[in-house]
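Each chain carries a letter (A, B and C) given by its place in the written order, and its residues are counted from 1.
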Amino acid sequence: MAIAPLLRKMFMVDLMKGLNVTFRYQDPKEVYTEQYPLERPVIAERYRGLPRLNVNPDTGETLCIACNLCATACPEHLIAVGSQRNPVTKRKEMTTFTYDVSRCMFCGLCAEACSTDCLELSQDFEIAQYSRDDLVFDRERLERGSEPTVYTR
Amino acid sequence: MLDYITSYFRSTVTPGQANNQFWALVYILIVFGGVSMIVMIMNWAERKALAHMQVRLGPMRVGPHGLLQPIADALKLFTKEDIMPAEADKPIFWFAPVWVVVVAFTGFIVVPFGVAHAVTDMNIGLLFMLGVSSLGVLGIVMAGWASNSHFPLMGSLRSSAQMVSYEIAMGLAVVSAVLMTGFLGTGMYGIGEGTASGTLSMIGIVQAQQAQHVWFVFKFFPVGLVAFVIFAIAMVAETNRTPFDLPEAESELVAGFHTEYSGLRWSLFMLGEYAAMVAVSSIAITLWLGGWMRPFASIHGPSIAIPFFWEHPELGVVDMISYLVPAGVLFLLAFFCFFNALRMPKHPAMRPQVIGLWALGVVMGGIGLVLLAPPVRDRIQDIFWFVAKIAVFLYLYIWYRATFPRYRFDQLMRVGWKVLLPVGLGVLLLTGLIGLSPELVTWIKGVMLWR
Amino acid sequence: MTDTSKPGFYEDAGATGTFLDANEMVLNMGPQHPSTHGVLRVILKLDGEKVLGTECIIGYLHRGVEKIAENRTYTMFNPYVDRMDYVASVSNGLGYCLAIEKLLNVEAPPRACYIRVILTELNRIASHQLWLGTHALDIGAMTPLFYTFRDREEILKIFEKYCGARLTTHAFRIGGTQYETYEGFEQDVKKFCKFVAPKMDEYEELLTTNRIWLQRTKGVGLISAEDAIAMGVTGPVLRASGVKWDLRKAQPYSLYEKFDFEVPIGINGDTYDRYLVRVAEMRQSLRIVEQAVDSIPEGPIMAKVPKVIKPPVGEVYVSIEAPKGELGYFVVSDGSTQPYRVRVRPPSFVNLQALDKMVRGALVADVVAVIGTLDIVLGEVDR
């Protein structure tokens, strides 16, 4: 009868080891919680959040050329790009842009397909709205982008 | 009238022994309120301690560091809809939680918080407490049966079998402690000539430890320790806590015997469970850990007297230091409050919480100052050490819950019957043999001589 | 509804002709249950505490993923694949991309393969960590859950920095990877490897020698090697029964043959062995990651794949070693831009068949432990 395993069983060494682990973790430095509204999390640059249409920073014009590649690439067919041909420059110009965020799965295929740097998935993750219609973004909402929500309580 | 009241403060017997109904009633109210307070604090402490062991924070929003969470929980439970299953047995459904709570609280009549600070001191106090805690099983069986559903039924049957089997192990450990009260010698192995009157009274057991200058957990080392460990394991099983909490296992039986109870009725079950935890902890403390005695109660140190501060030249330095410990603990708590109040985030929404925490710190400091006043300081010792030991036990309960997995039901019964029972019997035999050893030696000598 | 007139469940479980014997009870561990890992319904026939028979009812999470595939192009279907086994989404993506690459007869360049291996093995560690936490929670130990989730956070942070999402990663594309590794990718991965090795020791300290854990898992849910092979069980469940079969060694894909790692094998095929096998697999995955991150070759990350993917007519079956078992994709192409049929062989679905055999004669508490040890994800079972 091996004596060491018997002693380990009698003195409940395995249970004591477990108790030691949980005791050590009470150190306040080990706490992993981020208190959310007060501490905002750090979001990676490539994070695929809410979409945004970029505008030319100097002129304020949209960078979209209405090539419709994003709408073709989307698996859920939730992008609708309206365009009209400009008679002067003979180029297509984007008039309306509808993006249905409620069906979006944030796969990023639309942003990959965009030929200019216009459509981009930003770092915004606070998506919740009070009604379904607010989740269908039009051009104006997309160009405005999102500001971080300010919490007062 | 004032003389009547102040004369009571100098009493050396419990109200029950002094046949004083008024004070008995006062004590009952104090004990009831105190245990309820302990239950509420335990609710908060369990969530916070469990959270910190699990690298998270626990409740932080309701009140500073979640201190008002138990109140919010209680309010929520009181205002919840009272649901009763359609086919349930209504009178028994109503009665089961009431029974559990009544039984849990009745045992506190004999729990001694000090030499004169129990409601009464029956000469069979220990037997009374064990008997009353056994009655709790009936409440659980009633709850499971009256719910008229599979999960509660299975939970209550398991729970009753578990509680009954672990009571036997508890009883054996308790008897070996009672045997130890019959010795006259002092120290860890002292037996002495002749026998004191062994006693079942709770106050008597602590006084026996006092007379023998040793806590029974260290008596006949390691026999007393083994008896204490058996009782410690059995009491965790008795109160249905991890690792023996299969009856209320959340992942297996949804919630066991209190599945169908919601709102106020559920909170009564929870109250009964925590009160039972405090009750069995008190038994363990009284029997093995010296009850209300401070550690090293027989070491007094050199005599000392300091005017206005310490006017007891008959007691020593060590006593003086220990008399300051309650106030010291409260000052430490106040310091924690101030420290955490300074570390709170500076957001304006947090301001009420910060103010609340400062106020709590001030209140704790105030109570600490009150505890420094000589009339209070001299009388609060027993109660403080007893409650401190209860706090240690409750922390152990939480620690076990965080660490251990759960026993399966048949393994649980195996531990109770095939491990704890034989060891308990062995401890009982050993205690008896060691206690009788002078007589045994004489008898053996006589036998050898006769041969 | 179960057809009680048909022979099968009730007769097989030993019912004596009548619907239920006097001391038998039917217990419904319904779709909403704290420990069925999703919406799984298990009907148990009990004699007191002993289980006489079980019946699993699935389909509560069926979303028609395979049908959706018939109406999407090959690139468009890539994000949907992550959502099946949402815990190990990188592996799902890898399997699908490998299948389409085989159809197209292209191979991802070595740099892409190394990046794929690193992410897939990190995902294996993350999936096993989640398994360990939830399994321990089912058995009653509530703290390992929080420890494993905390460590898993670090992996998810790496995923977020790499491809933009934590859970439904959509990390790979047909022909390679879309994203180049970000600045500091190697440092992050190396830091993670150093960080997580002592944590794995801690999980073991809490559980492996714990007597309560041993009693709950040793001898519970036994399945022999022959039964496992007969039922098509794969993954750690098969390896714990003693069968040395790992697709990464048997049919290497994505340059796995370049890495030096062992395949842990169990002895008895009980729950404890499955636990040991998965913990050992976590350490081996760590080894692979450390080797790979030291030696990522330079080069392109995407093979030459046409913009519009139109594979030739044909069919292909490609399977990989996902954390839960053998994940297979059977893709039939009819020459157009949309597949004709995509059939997914989910490991959890096939492993779930073994539940009945493992649990006959055990107690109710063991059913929960066995469901946990099979490591099923209902998203994969139901698709």
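The definition used in the following text is that a contact is a pair of C-beta atoms (placed from the backbone, for glycine too) under 8 Å apart; a residue touches a chain by one contact, two chains touch by 3 or more.
Since the structure is predicted, the reported quantities are computational estimates derived from the model, not experimental observations.
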Winner on C-beta contact pairs when B-C is weighed against A-B: B-C
Chain closest to the assembly centre - both centres taken as Cα means: C
Centre-of-Cα separation between chain C and chain A, whole angstrom: 26
Distance from the mean Cα position of chain C to that of chain B, given in whole angstrom: 47
Separation of mean Cα positions, chain B and chain A [Å, integer]: 51
Residues within chain B bordering two or more other chains: 53-56, 402-404
Numbers and ranges of chain C residues touching at least 2 other chains: 143, 147, 150, 206-207, 210, 212
Multi-partner residues of chain A (each touching 2 or more other chains): 15, 18, 21-22, 25, 32
Chain B-touching residues of chain A, taken from the complex the two chains share: 15, 18-19, 21-23, 25-26, 28, 30-33, 35, 38, 151-153
Complex contacts: residues of chain C adjacent to chain B: 25, 27, 33-35, 49, 136-143, 145-147, 150, 206-207, 210, 212-213, 215-216, 363-366, 368
Touching residues on chain B, where the partner in the complex is chain C: 50, 53-56, 150, 154, 242-243, 245-246, 249-252, 254, 401-411
Residues of chain A defined as touching chain C within the complex: 9, 12, 14-15, 17-18, 21-22, 25, 32, 43-48, 73-75, 105-109, 112, 121
Residues on chain B engaged by chain A in the complex (per definition of touch): 49, 52-57, 60, 345, 347, 349-350, 399-400, 402-404
